[in-house]
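See the structures that follow.
Across the two complexes that follow, subunit A remains constant while its partner is subunit B and subsequently subunit C.
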Partner chain A sequence: MSLLEISDLHASVAGQPVLRGITLAVEAGEVHAIMGPNGSGKSTLAHVLAGRPGYEVTAGQVRFDGQPLLSLAPEERARAGLFLGFQYPVEIPGVNNAYLLRAALNAQRRQRGLPEIDAFDFLKLVKQRMQTMQIDESFLSRGVNEGFSGGEKKRNEILQMLVLEPKLALLDETDSGLDIDALKVVARGVNTLRSPERAIVLVTHYQRLLDHIVPDRVHVLARGRILRSGDRELALELERRGYDWILEQAAA
Partner chain B sequence: MSANTQIDALVDRSYQHGFVTDIESDTLPPGLDEDVVRAISARKREPQFLLDFRLRALAHWRKQKEPHWAQLHYPPIDYNAISYYSAPVVRNDAPKSLDEVDPKLLATYAKLGVPLHERARLAGVAVDAVFDSVSVATTFKERLAKAGVIFCPFSEAVQNHPALVERYLGSVVPYTDNFYATLNSAVFTDGSFVYIPPGVRCPMELSTYFRINAAKTGQFERTLIVADAGSHVSYLEGCTAPMRDENQLHAAVVELVALDDAEIKYSTVQNWYPGDAEGRGGIYNFVTKRGECRGRNSRISWTQVETGSAITWKYPSCVLRGENSVGKFYSVALANNHQQADTGTKMIHIGANSRSTIVSKGISAGHGQNAYRGLVKILPSATGARNFTQCDSLLMGSECGAHTFPYIETRNPSATVEHEASTSRISEEQLFYCLQRGLDAEDAVNMIVSGFCREVFKELPMEFAVEAQNLLAVSLEGAVG
Partner chain C sequence: MRMNAAARILEQYAALQPHAPAADAAAQQLAALGLPDSRDEQWRYANLRALDGIADFRPGRGGQPNAAPAARALPEPLPDHLRLVLVDGRFDAALSCPPAALSAAGVGLARSTNPGPAGATSGPLQLLTRMFAAETLTLVCSADARLELCCIATAGNAAGYPTLDVQLAPDATLQLVERHLGGAQRASLPGQLVCASTRLTLAANATLRHYRLQEYGAGVLWLDNQDARLARDARLILCQIGVGAATARHTAHIALAGERAELHWQAMAVANGRQVNDTWVRVDPLARGTVTQQRFRGIAADQARVACSAELKVGGAGAGARVQQNLRGLIDGRGAEVDLRPRLEIRTDDIQASHGATTGQLDETLLFYLLSRGLDPATARTLLKWAFLGDVLGEITVPALRRVAEQAAAGQLADVLASGAMS
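Then we have the complex of A and B:
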């Protein structure tokens, strides 16, 4: 049984069909990359899986960790171990990062029948993860993403992921807007999470992220469908040849 | 479910402090005339100057018309249907200690989470508890007395410190000030009196829990705080009221006087019954609060968290008379269901280099209507005066409203006046972001709202800040799901 099983998933946004029959299985321990041209439905897929309001599933099924996923509320999906790293993390003025992160961690721990983490242990945990992500300690008392640069926001997403330790991380264009040094830091953070019981799905435009986080499987998503799947060679080929040849083959 | 439906749902929550304590009351029949005023004054064995003050106020009030310029809508108030005096019947006069206080009353405080003897001592807070119109318990008198601080029920101050009362009463809010202040001046029953002698830093936070109880009894508190030269005091006021059907009028007056180099911090958490989800019942709160920075380098700050009342009409203000004096106003006002709040401040700059800061956070939910009304007035004498105003509104749901009425009058060209305003909604993105991290929607909204109010909460004494945050959560809870 796969950790994530998507069967013939169709979804619409504002009445417009965006996903037109996605079938995909992700095993525990794997890293998958979903690539594709702009507007192909990559981000929509990530948001549908996370349960974002306004994204309507019109057909198909998803099972996560053996359970039906689509009937769960977004917070239930999160507590079941599904994490979405946002492409554009939102600012929440006045709420400090440490507060949100601790509340999130405790909400998830309660769900799993674990006691709440005390302030001291939490601080120890988060500081250690911050080191991995090269984030300054002053960050803890700053407002959530408030006044963060694009790169800081992305690092914060990965930091949150490392603290919450999800079973499945969906990372939506986590590499966009990062310079090469920041990209390496982010990649190191993601690689830290790799383990036999977890899976990571990277949504990305560019091959360069995959130099640092080497995927087991690569999928090309276009026009709402997965048109081609392969191993990491596929990503390199896409970099050389672009997407048109796949679109043409699919149309033929 | 869309974010909006979730937020709308959040807004249902019934009042937790709804109950009426059954204590025998000595209540005057409804109506207002000279006899009533004389009766109140006689029952309180007041000196002549105070009776004269009341009678002048009554005569003036009769010539006044109820003001209707605020952004508030409510049925006419029948001032003759109100009883202007209600005192719990006390055995053997006033209780000498908590042991003598009616156990039911103590139970009331316990229900409100105000265990007078335990928590007050632990927290180092002196509590002058006003129950209806007569103060029934006062603690920590001795420690305060040692410092020379006078903190007592207003009626007691009238007996024991008549000269101070006569000197300062009505000196900030004259009896002619406005309709409600004039009414209060005629019929006020009790309240708190504070005097901090020169150079004294009050050794503890002074705290009063007000509570409206007897049915159909308007509440007319009078509070007077005088900080003499070089002194410092922090005063906390918290309110809850029992649930009932009729509207209750509340028209308090608070006067603050800060002399040279003195500082007064006045914090309020107000949680009166706001009415039911359709807007029935609930307290009408028409309050006049004003502080005068009378001396050089004096400072007054108002911090308020307003979550209750059906109608709130309240503009805690500062008259900055002293050179280099500083006035501050930090406010969170929540209007939920059918609550209406018209609140803000006035900063009147008279002294040279006087400075003022206004931070107003309005939250509107349900059908709530929230108005900020502020006046910054710089008089010709106020050379170098500065004001900074920040006015933010947060809307939750689509049926509520936020209104901002800033008035600025500058009559000195050297003055600097800044005004910033924003209106936002709790965005679907913010909510979804928190949900995606595993928070439930209720916690997420509370967190976002608390963040919005943070600049104000950090001005509150710590214990109060926690209470305020809880209160806000309670007032918005019930909804998401």
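Then we have the complex of A and C:
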């Protein structure tokens, strides 16, 4: 049984079909990269899996950890162990990072039948993860992403992921807007999460991220379908040749 | 057939003895004019029809001998603040700090049985105050002081008329925390009237940091009048938090009479159920180079009504004024309404002014972000409403008061919010 099984998934946004039959299996322990030209449906796939309102599934099935996923509310998917790292993390002035992290962590712990985390243990955990992500401790009392640079927001997304330790992380263009140093920090955070029990799906435009987070599988998503899958070599080939040759082959 | 509110007010007044001449004059004026209706007034929601639900306009006996003790209604004292207590509008010396402590802090206190002079907002509510208010409490600050004024409404139907006259001498600095609490706790008729009047006079270079926290019970009709006049280089930093009462109607008229006078006005209203919170504030920059900053945040849930009308009129005498108005409303219920009206009337070319008002619902993108972290929808919605209020709550620089205000707001938003969410 795969950790994530997507079968012939179709979805529309504002009445427009975007996903036109995605089939994909992700095993625990794997890292998959989904690449593709702009407008191909990569981010839509991530948001559909996370349950974003307005993204309507018109056909197909998704199973996560052996259970049907699509009937779950967004918060239920999160508590089941699915994490979406946003391409554009939102700012929520007035709600501090520590509160959100702890509330999110406790929501998951309750789901697993665990007691709420003790304040001391929580701080210890968060500070440890912040060290990995090279985030200053003052950040905990600041508003969620308030006044953060683009790179800080992305690091914060990965910090949340490290605290929540999801079974499946969907990272939507986590590398966009990062300089090379920030990219390395983010990649280190993602690699920290790699384990035989978890899986990571990276949505990205650029091969450079895959120099730091080596994927087990690479998929090309275009026109709402996965047109080609391969190993890391496929990403390198895309870097050299672009996407046209795949689109032409698919059209032939 | 039940008499209308004006007739009952006059009848109850007639039964009171003795009458002061000023009170009689006010009663005659009310008899001649009657109470205004919605055609006479510009209030969006809080017209005076609410007075029909008041059975007793006579002031309660709080603060008098043999009255029910009000001490248990008092909150924890604020650190480093001298406490003054009004019960049903009467000064309660036993619950207040000793006069010597006030004197040592450079504050003079006087009690006058003649209700204070009407301010620029004189109208039906001033008439009520002049007819029924037992006394005016006058505070004169000539140094640097911190006061906490608790206005307690005792339970029952009797009314309260807290009437306050605050005067700051040149260069004086006063931090005044005004808390309104107590009163009928159930939203059932007949309601309980609290009619408050405050006059603020700031001499040259004086600074008043004035916090007002209104947490009356759900059976209270709160009618509040505030008049302020600022001399040159005076600063009024006013932060008003309104979470209580069945209907809260707040009127403020602020005259920036001296050059470079500054008003920093923050207000927050959170209403749910069938609560009404209506604010009307008018600012008149009457001298050169004044500064006006106004920020309002209002949340209406369920079937509540929240409104804010912010008027500013500036003519040639107010040239060089800098004005910012920022009003925001959040509707969180299918039957809820928010009405915001920023109004600038400018009759001079020499002014920097900006104003804006937005009303909307919770941002769906923000909501999804929180849900995607596993928070349940109720908590996520509460957090976003909390965040919406953050820039007003964040202006409270007294930590203990800020905690109180946060708890009051949190209690009004939902019970699910634990402390510590604010950044």
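The rule is simple: the second predicted complex is superposed on the first by the 252 of 252 C-alpha atoms of A that agree within 3 Å, B and C clash if a C-alpha of one lies under 4 Å from a C-alpha of the other, contacts with A are read in each partner's own complex, and residues count from 1 in each chain.
Keep in mind that, in the parts below, a contact is a pair of C-beta atoms (placed from the backbone, for glycine too) under 8 Å apart; a residue touches a chain by one contact, two chains touch by 3 or more.
Source: prediction; values computed, not measured.
Asks: Answer with clash or fit: subunit B and subunit C placed together on subunit A by superposition.
Replies: clash
Asks: Applying the touch criterion given at the start, work out whether A:74 contacts subunit B, subunit C, both or neither, answering first, second, both or neither.
Replies: It touches subunit B and subunit C both.
Asks: Given the touch rule stated above, what does A:104 touch, subunit B (first), subunit C (second), both, or neither?
Replies: It touches subunit B and subunit C both.
Asks: Who does A:50 touch here: subunit B (first), subunit C (second), both, or neither?
Replies: Both partners, subunit B and subunit C.
Asks: Does subunit B (first) or subunit C (second) touch A:86, or do both, or does neither?
Replies: Both partners, subunit B and subunit C.
Asks: Please work out whether A:29 is in contact with subunit B alone, subunit C alone, both, or neither, and reply first, second, both or neither.
Replies: neither
Asks: Look at A:94 in the shared chain and tell me whether it touches subunit B only, subunit C only, both, or neither; answer first, second, both or neither.
Replies: It touches subunit B and subunit C both.
Asks: So subunit A touches subunit B in one structure and subunit C in the other; where do those two contact lists coincide?
Replies: Overlap of subunit B and subunit C footprints on subunit A: residues 50-54, 73-75, 77-79, 83-84, 86, 89-90, 92-95, 99-100, 103-104, 107-108, 111, 143-144, 160, 164.
Asks: For the complex, give me every residue of subunit B touching subunit A.
Replies: Those in contact with subunit A are residues 1-3, 427-430, 432-441, 443, 447-448, 450-455.
Asks: Taking the touch rule as given, give the residues of subunit A at its contact with subunit B in the complex, in rising order.
Replies: Touch residues, subunit A against subunit B: 50-54, 73-75, 77-79, 83-84, 86, 89-90, 92-95, 99-101, 103-105, 107-108, 111, 143-144, 160, 164.
Asks: Can you check the complex and tell me which residues of subunit C touch subunit A?
Replies: Counting only subunit C, the residues touching subunit A are 364-366, 368-377, 379-380, 383-384, 386-391, 393-394, 420-423.
Asks: Quick one: in the complex, what on subunit A touches subunit C?
Replies: Listed in rising order, the residues of subunit A that touch subunit C are 50-54, 73-75, 77-79, 83-84, 86, 89-90, 92-100, 103-104, 107-108, 111, 141-144, 146, 160, 164.
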